[in-house]
Amino acid sequence: MNDIQSENDDRRIGIDKVGVRSVRYPIIVSDRASETQSTVATLDITVDLPHHHRGTHMSRFLEVLSRFHRETFIDKLPEFLAEVRRALDADRAFVHISFPYFIRKTAPVSGSKSLQVYDCWFDAALGDGYELRIGVDVPVTTLCPCSREISERGAHNQRSQVRVELCYERFIWLEEIIETVESCASCELWPLLKREDERWVTEHAYDNPRFVEDIVREVTLRLQADERIRSFVVESENMESIHSHNAYARKAWVRGPGGADD
Amino acid sequence: MNDIQSENDDRRIGIDKVGVRSVRYPIIVSDRASETQSTVATLDITVDLPHHHRGTHMSRFLEVLSRFHRETFIDKLPEFLAEVRRALDADRAFVHISFPYFIRKTAPVSGSKSLQVYDCWFDAALGDGYELRIGVDVPVTTLCPCSREISERGAHNQRSQVRVELCYERFIWLEEIIETVESCASCELWPLLKREDERWVTEHAYDNPRFVEDIVREVTLRLQADERIRSFVVESENMESIHSHNAYARKAWVRGPGGADD
Amino acid sequence: MNDIQSENDDRRIGIDKVGVRSVRYPIIVSDRASETQSTVATLDITVDLPHHHRGTHMSRFLEVLSRFHRETFIDKLPEFLAEVRRALDADRAFVHISFPYFIRKTAPVSGSKSLQVYDCWFDAALGDGYELRIGVDVPVTTLCPCSREISERGAHNQRSQVRVELCYERFIWLEEIIETVESCASCELWPLLKREDERWVTEHAYDNPRFVEDIVREVTLRLQADERIRSFVVESENMESIHSHNAYARKAWVRGPGGADD
Amino acid sequence: MNDIQSENDDRRIGIDKVGVRSVRYPIIVSDRASETQSTVATLDITVDLPHHHRGTHMSRFLEVLSRFHRETFIDKLPEFLAEVRRALDADRAFVHISFPYFIRKTAPVSGSKSLQVYDCWFDAALGDGYELRIGVDVPVTTLCPCSREISERGAHNQRSQVRVELCYERFIWLEEIIETVESCASCELWPLLKREDERWVTEHAYDNPRFVEDIVREVTLRLQADERIRSFVVESENMESIHSHNAYARKAWVRGPGGADD
């Protein structure tokens, strides 16, 4: 059978990325509290394609993935990408892995235990060097400072999503990023809250009003202060309780040569 | 060319519904305030298929739709379905049309004007008789009665979605259903709120706490009292500000022979 | 602290379902090939609420879930629902659990192994009796019989989704339903196909053309012949390669007293 | 009432973007064939926020939008952004507008008319200068060259999505981008195809096999040859009929000083 993909291509156009997308596969990730955690990932795996090749061999992405998914995958991303690059005969290999990640949380007053889900992702590239960005969506409560200030009673509040994506110099746990974000919100969330907890979170949010701008600034201050972090993007989005649209803020930051804001 | 779809089928299995799904088309709908409104619909159009036919002729659904979409479509659903049924040589024809619908709203204090979107749908069937169900998702604010009662300050609140689907004996405007739902919530939403409006909605929500159960019961009472309505389903879902999951309630109701709860 | 939820309600309106929605939690499911499989579920858990209670106690749903999720959950749904019903002091309890489920597949010629994902769900209710519906979305290839017949070369084909939801009298594995559906399509899917496999699936699909109507009828014949099955709904939806809308067919069936079509 | 948003902020952190997201509003767009077209947009509107201001005034985004939406919006984006920037007292203003856009198509043999939907977007920024990127998702058919070559009969094919986003020096119609993309695919799509058309599209796709890589390269060649275009990104994604994951390719390009590939 002819190998059409290996045919010469004379259009002289190299392709930045080619591969498979929205592949769902079970994976194992490292977990600070309990060593490992089984979860289900969605993966995009791609390589570059030089101008003289007509096509890539899509099945090889799955072959490599099938060999790696039973291990603690994330810890071996450089090996995984090296293997993809080798199998596809490419210069650069890329992978984006997103997955739900669960952390056991303890309610603030009752001490009730439950598992909170966080949508996380790893975005890695292997070319001349290796680059990794890790990200997480952290759901929190925000309570509007303006609404609290101008109203005689109550204050509008809502579920918000805070997204952080960062590059680090030295290893950082997802749990650390999540704790940082949660400490910057009006209140963090728990799946299981008894009545005494609900009172605590209501009053705690009321006592810590935050705009989307505040969340972004507070997270920025904390992440800038962490010398392991080289760059980040933080976004905050409120599912406003008083509107059917959302409020949004975003900041990107890169550590300068002397550690300054870029 | 052979007409494979018209071939005989000897498996003796009639099909309930066959047709096209997720067709997007511009449509015109009647609007209580300004006669007509242009919007973009997603349509599923189907017919039944007797056991002796192998397949239906999918292109005919689009032919009929192309003839009807420029008129005030919804007012002509019985004609549209009769035409679908005729074109497909079927006994029954069905259509589900969903579309965003805009209503001009006036902020409660400042009087500022803006357009609020509502996701609406019409679900119609023509067989021995004609049946129509109309539905709408109404976004509102709910403020938790428990949180307010047990807390010294504040109360958690959030954006909620109230879904109503109903059958009527006599014509009801979507606007009427929307107003009914909004009057049952802790507060209705406006896209554009000035500071004096934000104060009003904050205090109004605080003064009208509602569980998802309360929303469902209040809407139920109003719809039961409207003699034009034959049956309905009401659902309320809070995007809880203190959890990353939702709170939910649902009630279905059919008017009995003497008008009683069924 | 007052228990607002337990207050009397004098609106005299019982609520069909009230509870939590879109809860994400890790679960363990039974797996025909390897005993158990870890996956991530999305759950809706509800109970009925008598007319004289104002509200339900949402935290208890999470408490019960937190106790059950580490076991092979699905095998214990009656116990789980009994526990929910007891904890919420209700007459009826309901749960809808959806989750990705992975099956190891072997490519038809090369014998290459890979994991195929299927979106599955369990829908259970405990009232006077216990009812369970299980469902699965099976992605397959369909090749159009009309296109093949009328064209001199080629035939349009596409990815399709076949959805089956059924009630059984005696236990049926998800794997059995999936195999049934896959045997009715133009071709089943594999994540990993080498060139010799790709040839096989191309020719196999060309040799087995199927309309959405054919899929529904073939699946219907197989499921009717399985005496363990009491009722089912089968739906087939083609992401047509020649249109940006889908083709769709649906059939519902209930076994009659003597086993006949209802 | 205090204006909390206007308070001084001493955290010394400027914010890149702050504003409203997922606002749905009816808009009017220019249409090459019939002057204007009414559609429904989803908008994100943001500004930068200097470090010394605590918050932005979210209602003003909606005020400006409410004044502009009844005109042919897209033609006035620089004015719209200037007005947003003025109302929010900002240095930079940004808007992302996405909307379904309909084009009347004529089937290749029968000449039947129908409306094909395309998801389009405009992404504009006003700072020191004005920048505009326009984008469109074009659904097409792709037929696999490898499958055709190695198989004795048939060839797998599928619906694909080709995404183009570009910056131009001189005005380009969305219709022109769409026609370019459609001419590079195995076949373009029509909502309404009679049997003679279905034969034509089946054979046309068979005669024009394309990998995702081919689509990207063909579109690249055409867009590079159009001197009005300054830069573009083209992506192609196949909803593979033989897999439940997708095949994907991507290329970004910027015209060099002398017009060369950058």
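Order of writing sets the chain letters: A, B, C and D. Residues in each chain are counted from 1.
Here is the rule we use: contacts are C-beta pairs under 8 Å (C-beta built on N, C-alpha and C of every residue); 3 or more make two chains touch, one makes a residue touch a chain.
For clarity, every value in this text was computed on a predicted model and none was experimentally measured.
Between chain A and chain D the CA-based rotation angle works out to 180°, given as a multiple of 5.
Taking the mean of C-alpha positions as each chain's centre, the chain lying farthest from the centre of chain C is D. Looking at A-C alongside C-D, one finds more C-beta pairs in contact between the chains of C-D. One finds 25 Å separating the Cα centroids of chain A and chain D. A straight line joining the Cα centres of chain C and chain D is 35 Å long.
Averaged Cα coordinates give chain A a centre that lies 29 Å from the centre of chain C. For chain C, residues touching at least two other chains, in rising order: 1, 23-24, 117, 146, 150, 191, 193, 195, 199, 244-245. Taken together, the touching pairs cover every possible pairing of the chains. Residues of chain D that touch chain C in their complex: 116-117, 139, 141, 143-144, 146-148, 150-159, 187, 189-191, 193, 195, 198-199, 201-203, 205-207, 239-245. On the chain B side of its complex with chain D, the touching residues are 1, 3, 23-26, 37-40, 59, 62-63, 66, 69, 100, 102, 112-115, 117, 191-196, 199.
Residues 1-2, 4-5, 9, 11, 13-24, 44, 46, 49, 54-56, 58, 145-146, 149-150, 211-214, 216-218, 220-221, 237, 244-252 of chain B are the ones touching chain C in the complex.
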